[in-house]
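Okay, here's the structure, questions in a sec.
Chain naming follows the written order as A, B, C and D, and within any one chain the residues start at number 1.
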C-alpha cells in the first residue's frame, strides 16, 4: 500500500504538526505530546476529553473546539495513547469542574484511560467517564470484551460537548452519557482491508468483487463476506441489523461515515438508499451527518450509525453550532 | 473497481438526492435537473454559478450557499453539463443583477457554458464568466486548449462568492476574477488511477510503488512517473513546479486537496512538509485549506494549490464565514 | 448524395446501432488521451435521439435535424455534446435558409458550426479531421468508406491541439482521436443509409 | 531461580533482542485476530527500555523494575502497554514490600497485577495463559523452555474472551495469541539470562 508519508514512526507526530499549522486558530498542541487542545477560553465548565489510536482522522482532534471536545489525545496508529498522555490531557482540559472521558470499548483504551483516571484522581481532579460500544456487528459479546466503539462516538462527542458548554455538572453529564450510549448503534462494511504505515501486508484482503460486513475501524474482520451488492441492498443489510436493536421510538439521527477511501459520491448514493428504506418503514430521520468522521486509514467502505432520538435534548445538542475542524 | 452504487447511469441522480436529504437546510434541487440551488434568501445581488462533470465531490454542490455559490450544475460523471441545464441554473441564480459563471478550462465545459451564456443573454439576463486554468502540469499549452482548471477553482468560488455577497457589481466581479485567476496555480500527483462508474478499466494503472506527477482530475495522465518518494520530496517536487510561476509577492493561501481516496492523515503529513519547505524559502502561508475539495472519484493522491495574496481583498474574502456543506 | 426524411431516420438508426456496438471501443480510445467517457456520452445521446424520433415522429428532414440537434445538445454534455449539437444545428440552418440546398452544402454548414464552436483547425486531432475531408470528398462526389477510414487513421500520428487530448501533449501522438472515430461512424452510417 | 540487577539488565537486553527479531512475526500474529500492531508496540517499548537503562544506569533491581514499568507505561500504549506496565509494577510492589522475596513470588505479583488490570482469566486467550503456567512451574521449580512453548501453543485452540481478538468470536480459534507469544519471549529471555 502506497502512502504519502516519511518515516512511519514519525507519521503521527508529523500529522499533528500538519493539523496544527492548518488550523492554528482553533487548536494547539500541548508541546511534546500527542494532545490537541482547543484554543477557546476557559470558563470553568466540565472538560471533555476523547482520544484513542491514530488513523481515524478527523477523529478525534477534528472534534476539538468550543462546544465539543476540550482536548483529544492521539496514540500511535491504531494504538491507544498511554496513561501519562491521557493524564496530561485531563490536566489541560480541567477548568475546575472536573473532566469527563469518552472512551471507546477496546481493552487498550479502557486500561490506559482507567490508569489515567486513577492518576488524575490522585492529583485531586474529578474524573468521570463513559465507554462507547455502538458497533452491533460483534455478536456473542456478553462474556467478552463486549462491542466495539466506532463512529457513533462522534454523536457522544457532540452531545456531551454541548452539555458541558451549557454548564451541566460532571454528574449530570455522566447520567446523560449513560442514557445516551445505549441509544446509539452502528455497523460497517468494507470493500478493502487496511494497511498500517510501515506494515508489509493488509489487515485482510477482499476479492475483486467481494465485500465484508461488520468490519471494525482497525481492520478487524467482520461477520460475513459476500459478493458486492447494489448500494440499496447494502443499506438494507445494515439497516436490518440495526433495526433489531431498537423498538418503540422511530425518530433518528444518522451518521453515514466514510471509512477513508470512499468517495463522497458513493456516500451520498448510499444516503439516498438509507432514506428510501427508512421511509418505507416509516422511520423518520431528523438529523444527518454524511462524510468521513471516524475513518480507518485508506479503507474503502462505510458505516451507518443510528441514534434513537429518545430525549429532545439530543436534537438540541446536535443542532447547536460548534467551532471545530470537522463536525 | 468496487463501488457502492446501484445503476451507474443513475449514480449522479441518486447522489444529488442523497445530498439533498442530508443537507436540506442549506440546499435544494431544481426539480428534474442536475442543479443544486442555495436556500438563502434572494437579495438582488449578482448570482454566482459553477459546475462541471460529477465525480469531483464535494465540488461543486458542496460550495453552494450564502457567501459562495448561488447554484451548481452537476453533469454526468466527468462530463460537462449541457447548455439547457446551465441556462436553468443561470435563471435560478439570477436575482436581477446578472449572473457570473465560473468555468474550468475544458473544451466541453467552455462550449456548454458558452452556449448557455448565449441562451441566457437572449433572455436578457446579463452573464459574465471566467475560465479557471490553474493547473501548471500541462506544459506547452500556448497553442492548445491551455491549462486545466482544478482545485484552485475553490478559491475562485470563495472569493467571488464573497464579492457578490458584498454587493459588488457583475463588472467589478469580472475584473476581480480576471486579476485573481492568474494568481492561482495548482499541481497534483496520483498514487492510483481512477475508474468511472460502470467502466471496465481504470484511466491508467500505476505500479505497486509508482506515482505519477501532474495528473488531472479526470484521470488524465500527468507529466512524469517515478518511484514513490517520501512526502517531503513529493512536496518539494510540487512546490518547485509552482514556485516557477510566482515572483515578487511571497504571501500565499494554500489548498492541500485530497483526490478522494487519500486519508486525512497523509494530507496532514504532506501539509507539514509544505510548511517546512515554505519556511525554508521564507514564503509565508497566511491561509490553509486541507481536505477533499476537488476530488477525482476514488483516486489516491493530492494536489497543491497556491494563491498569491497580491490583493488584501483575497484574505478578507477567504476568512469570511459561509454557510455551505464543505468550505 | 441525396437526403430525405426516410433516409435521415435510417441514418440516425444506423448511427445509433454503430455507436452502441462501439461504445466500449470509443471509451477505450478516450482512455489514453482523454477521460474515458466518449462511448458513454455518444451512447447516451444516440439512445435519446432514437427515443425522441420514436416519440415525436418528425414529419420533415428539417424537423428531424431539429430534433437531433436539441436532443444531442441537452443529453450529451462534455465536448461532444455541443459539437455534435452544433453540427446538426449548422446543417439545419443551411436547410432552413434554402430547402433545396444540396446535401454537401448542408454538411459543410455542419462543419462550419463545429469549427465556430470548437475553434479547431484541420490537423488539431479532433473530429474536424474527419468532417473536413468527408465534406470535401462529398463536394467532389468522391466520398467512399475508404476515404472515411483513411481520415480516421490519419488522426493517429497527429499531436492534439484542441480538446482534452491536448493536455497530454506529445503523448497524444500514436492514438486515434475518439471524436474522429465516432464521426467516422456517423458518415459510414450515412453512406449505408443511402446504399439501402 | 534468582534475580539480581545484572541478571535483570541482561534479561531486558535479551528480551529486547528477541522482540526486535520477532517484531514482524508478532505483528503477523496480531493480523488475523487483532489490529496488526503488537510487534510495533513491543518493539517501540523495548527499544525505549534499553535506551532508558543505558541513560539512567539503575543501581538496584528495584530501580530497574521501576524504570521498566514507567517506560512501558508511557511508551507502548494499546493493550500491551498497560498490561506489561502493570506486570512490572506488580513485581516491583512485592519486591518493595519485602526485599528478600523469592523470584517466583515477585512474578506472581506481576501476574496478579495483569489480571487486576485486564480482568482476564486463564483460558481467555491472552498473555495470562502464558504467565499463569510459567509462574506455577517456577513455584514448583519446574520451569523449562518446553513449558513456555507448550503454554503458547495451548492458546491456539482457545476462543478469545478478552482483548481485541474477542471481537472475532469463533474465528479467533486456531491462532496463537500475540501477547502470549511476546510473554513467552519474555520468559525465554529470563531463562537465558540465568543460564549465562
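As a working rule, contacts are C-beta pairs under 8 Å (C-beta built on N, C-alpha and C of every residue); 3 or more make two chains touch, one makes a residue touch a chain.
Just so we're clear, the structure is a prediction, and the values are computed from it rather than from any experiment.
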Quiz item: Can you name the chain that lies farthest from chain B, using the mean of each chain's Cα atoms as its centre?
Solution: D
Quiz prompt | Whole-Å gap separating chain A and chain D, where each centre is the average of the chain's CA atoms | solution = 31
Self-check item: Separation of mean Cα positions, chain D and chain C [Å, integer]
Solution: 74
Self-check item: Centroid distance [mean C-alpha coordinates] between chain D and chain B, Å
Solution: 53
Quiz item: What parts of chain A, by residue number, touch at least two of the other chains?
Solution: none
Quiz item: Using the touch rule from the top of the page, what residues of chain C touch 2 or more other chains?
Solution: none
Exercise. Could you run through all the chain pairs that touch each other?
Key: A-B, A-D, B-C
Practice problem: Would you tell me which residues of chain B are touching chain C in their complex? | Solution: 9, 53, 75-85, 106-108, 111-112, 114-115, 138-141, 143-145, 148, 196, 198-201, 203-204, 216, 218-221
Practice problem: Show which residues of chain C lie in contact with chain B when the two form their complex. | Solution: 24, 27, 31-32, 34-37, 40-41, 44, 73-83, 86, 117-118, 160-164, 166-169, 171
Practice problem: Using the touch definition up top, name the residues of chain B that touch chain A in the complex. | Solution: 2-7, 11, 14-19, 21-23, 54-55, 57-58, 62, 191-192, 208-209, 211, 228, 230-232, 234, 256, 260-273, 275, 285, 288-290, 292, 295, 297-298, 300, 302
